[in-house]
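After this come two complexes, each holding chain A, first together with chain B and then together with chain C.
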Partner chain A sequence: MQRTLSTRMLLNRYGALFRMPLAENLAEVGNIVSAVLVMTMFMWVFAMLWQAVFAAQGTDLIAGLTLKHTLWYLLMAELVVLSKPLLAEEISDSIKTGSIAYDLMRPLDFGLFHLSRYAGHVAFRACVNLLAGGAVVWLLVGPPPAWQGLFPAVLALMLAWGLEFCFEALIGLAAFWTEDISAFRWIHQKISFILGGLLLPLDFYPPWLAAVARVLPFASIIYAPGRLFVDPDAGRLLSTLALQLGWLVVLGFAFRLLSGRALRRLTINGG
Partner chain B sequence: MPAPNKGKGVWRNKVVSIRVSRLTKSFRTRSKQEGLAGSWRALWKPEWRQVPAVRDISFLMERGEALGFIGPNGAGKSTTIKILCGILHPDSGTAEVLGHVPWQDRQQLCYEIGSVFGQRPQLWYHLPPVDSFHVYGAIYGLDRDATRRRVDFLVDVFELQHLLHTPVRKLSLGQRMRCEVAVSLLHAPKLLLLDEPSIGLDIVAKQRIRDTIRYMRDEEGVGVLLTSHDAGDIEALCNRVIVISDGQLIFDDTMDELKRRHLTAKQVNVRYLEEGERSLPMAGVETVAAGRYGMQIRFDPRTVGVDAVISGLNGLGSMVDITISDPDLEDIIGTIYAENALDPDAA
Partner chain C sequence: MARKRGLGFVGALWRVNLLSAMEYRVPFIMQLGGMMLNNVIYFAFWVLFFDRFEEVQGWTLRDMMLLFAVVASGLGLAMMLFGNCRAIARIVAAGDLDRYLALPRPVLLHVLASRSSVPSMGDFVFGLIWFVLAGDVTAAHVLRFLLAVVLSACTFTASLVLANSLVFWLRRSELLADHFMNAMITFSLYPGTLFDGAARVFLFTVVPAGLTGALPVEMLRDFNAATLGWLCVGTALLAAFALLAFQVGLRRYESGSAIVARI
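Coming up: the complex of A and B.
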């Protein structure tokens, strides 16, 4: 049996793990229908809400954004949040039931194993959500304000999901030390909603709060891809990617550190 | 109880696949006094105690051998298996599996062992088994053609032709288990770890699983380390048995030896044509149950002759049916546990 695998074989291995959630999602039509329903409903409610807000203000522009900008931004923000699987719960369940030990019996890297499956799930859900939510927004306010924002937004989205993966995995691994991870999950979710700009763009915040929020990782996950999509320019692209990569290094390091400690703890004390 | 096989001359010329010597492992767990006050105290001043899981276990397993590993819940079976897979570090002692120290060399060892844990499915639930086969092929570094050839072979042996394209969630438990065992053999491991492979299966499905495992054992020389509560699994598949209780090894010998040493009683069920109250007052014969038309007795054939018992029973009326049987392996194992409980230093 081959012991040292070539890069091609490694790609083959994690590529196969990436494809499984795609196939799984395709096999479950119900999953697709429910994703479409949720996304359509969310974007419809947002559109009604923001149409009313803009009408009440009697203006076409709030904090430099039009209604069209705001809705396409919110679509991207929802896309980040609604396309990810519940990785933290998956990891914490495997710790609580002890099944994590059996995962270690495969010749797989713990981080890459979860990352490839996470990416497969996200890829599928993101396509479905983008089509469903995009159709609603397009119908209500017309096409995106700047098509050239699509490629930078896709780049930023991939890094955003990378960051979100780290947060989810860190929360899940906390189950090694605390029985219940729901407190961490709750805190992370609420901070993401507020400081990430899920409910409204950070541009609408008081300037001091927006300035603080923009440099935090939550904005790199939720705010950055959407803002880049509706208002792309080279300067914004560079600063967004630099900040995202910086946080990815920090959170990636934290994940490696914590997963290393957790697995050592598992092998010494059985979890 | 005799010492484990270490040092026995018979092992010198054999290829050893597992060598375990004086393995010990304990876990640190929190203990708490009863009630609310106890919980309060534990919050401020937690008390820890060491719970021994495996105590000074030594044994050898020959390459290609089928070894049964039995013991009650909490006996230390899973802990030992996890140490042998490299998932747990022992506190002391040494172990070598297929030439690797498991906890130092887990990733390499993964390629050489296959595993089936009854309570931990490895197939993707919503997808047909064929998809899982191909993913595991990629995980173990097999190329597409090699995977296909191996899948064809396993499909043939395990008779999976009509199951291969059905989503796993639609398969029966027995069909799913056959696929689980087949996928664990995809990378042609030298050693197969089976933990309760027949749990929850009906007798037909159990028999099928046992037959295919036995076939693979003979065909590819794959070693089998089997833990099971089902004595039938052990009897059908293993030629050697290790019994472990309370973290200690209490029996390590061949299946035949286990039977020879502990099969000391015969059981007789007899039925008569006429109704009546009957008893067989013979020394060394024990009446287990008696009814209006029949009775069940037990005797030790080393002290009472079988012919004497039969003619005694014959004298009690016109017999219409008689069966003589050995006790179940489960009863034998129960006896071993009981003996060990009476004499804790036996190991």
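Coming up: the complex of A and C.
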């Protein structure tokens, strides 16, 4: 009975943390407008680029993808990247300013505290970005090629954001050892873009590079949900989820290990 | 004489900015090197793209190298010398303009030169290296490149001052200014020939990214007086609008009455 109650209490606490960013985002109309503008801008540029590429190639199909497949894929890839909050920066700032002391005083797990808030931000931003970007792509190339890809893509998206959370948290925790983490953030971001297939689907890469990239966690984060969305099949879904879960275990373990070590290094001076 | 004193003042600000950035050696080197590496990895996208498609609307990998070189060096130069051009909206909204108004120096110049961005030095150096790697390092081509970089830097600075000056009328426009800057960078880094008709007009007026990337590269690819003329006229017009917007907007500024010590 005691155990049930405390589990419920914990769920309530983390649930409240999840809902808090939703309220924060709703209160800032400027954030919603800017998210719509950014998503519209990116999808418009991509449409210009890929319309020119398909026209120049004189074909409707490149590496098994049509223009419609490519743009809906790019929308899902952008959705992953543009919907996540700047967690690494938040953790790094809390370490540098010392406000991490307040986070640790709360009767909450450090990782789950950040994960709940992260999930709240992602849930809100993903809805706005999907509506804005989806409307632009729909207007340009019509509806998604396969509606049955929606559910597998949502599953893959949730695991993708879980993986991205681990990466961001690991980079943020690096502030315990280095004074500035911006270089790590930029490099992680650009490696994710390239090996994850943010600007170019991995199917267009040289075969050897595509094969290597597909098994790395960056592709599980960016490439996998979009590819499942435009071309869903049971085999692809199973292999994607298995790879994502495998990487989640590895990165989750790395996060637990590093956060344990980092927090043991913490020294708080005065109050 | 007054102009000489003004230049000396700006030079002193740049010197202080550089010295304070270099005070923390490790973060300085990490930010500078990190930004260069960041740009190299980002460019890998275009290497992969042109490996697959060879050319898009007449643009090849070499043209993209020139585009990255001009935009990175132009943006880097602007942020190194006038790093606050992207922060004016924040400064005004926080009432921090008071400290500049109290001093007998040109307000806009003082605000702009009061900050130098360290990562932008990495952008600037990256651009120079990319230009050399793109080939054709003749004296004439180097001169044209340097001219393109200076004009691109002026356009970046002027358009960011213009976008940030909206804060005098819209009050909370910091986010808008941030998105404007992102749009400028994003649109600058795509082949200019992708955009035509209304899109091209948009990229030479509302978000003048055409003046920071596509047109300077057009001048490098096929130098002619007309392209250079358009580039100079466009940059001068933007600079005039930016100056006017800031001066007119400044009259609407109300002090935050915040008492701050600047050491």
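One rule holds in what follows: the second predicted complex is superposed on the first by the 261 of 271 C-alpha atoms of A that agree within 3 Å, B and C clash if a C-alpha of one lies under 4 Å from a C-alpha of the other, contacts with A are read in each partner's own complex, and residues count from 1 in each chain.
Just so we're on the same page, a residue touches a chain if its C-beta (ideal position, glycine included) is under 8 Å from a C-beta of that chain, and two chains touch if they have at least 3 such contacts.
Since we're looking at a predicted model, the values are computed, not measured.
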For A:190, select first, second, both or neither according to whether it touches chain B, chain C, the two together, or no partner.
second
First (chain B), second (chain C), both or neither touched by A:104
first
With the two complexes superposed on chain A, say which partner A:15 touches: chain B (first), chain C (second), both, or neither.
first
With the two structures laid over each other on chain A, which partner does A:136 touch: chain B (first), chain C (second), both, or neither?
neither
Does any part of chain A touch chain B in one structure and chain C in the other, and if so which residues?
none
Going by the contact rule set out above, which residues of chain A touch chain B in the complex?
1-3, 5, 9, 12-13, 15-17, 20, 23-24, 27-28, 99, 101-102, 104-108, 266-270
Which part of chain C faces chain A closely enough to touch in the complex?
24, 26-27, 30-31, 33-35, 37-38, 41-42, 44-45, 48-49, 51-53, 55-57, 119, 172, 175-176, 178-179, 182-183, 186-187, 190, 194-195, 199
Could you please specify the touching residues of chain B with respect to chain A in the complex?
27-28, 79, 82, 85-89, 103, 106-108, 110-113, 115, 117, 120, 122, 124, 126-127, 131, 134-135, 137-141, 167, 187-188
Could you list, by residue number, the parts of chain A that touch chain C in their complex?
30-31, 34, 37-38, 41-42, 45, 48-49, 52-53, 56-57, 178-180, 182-184, 186-187, 189-191, 193-194, 199-200, 204-206, 209
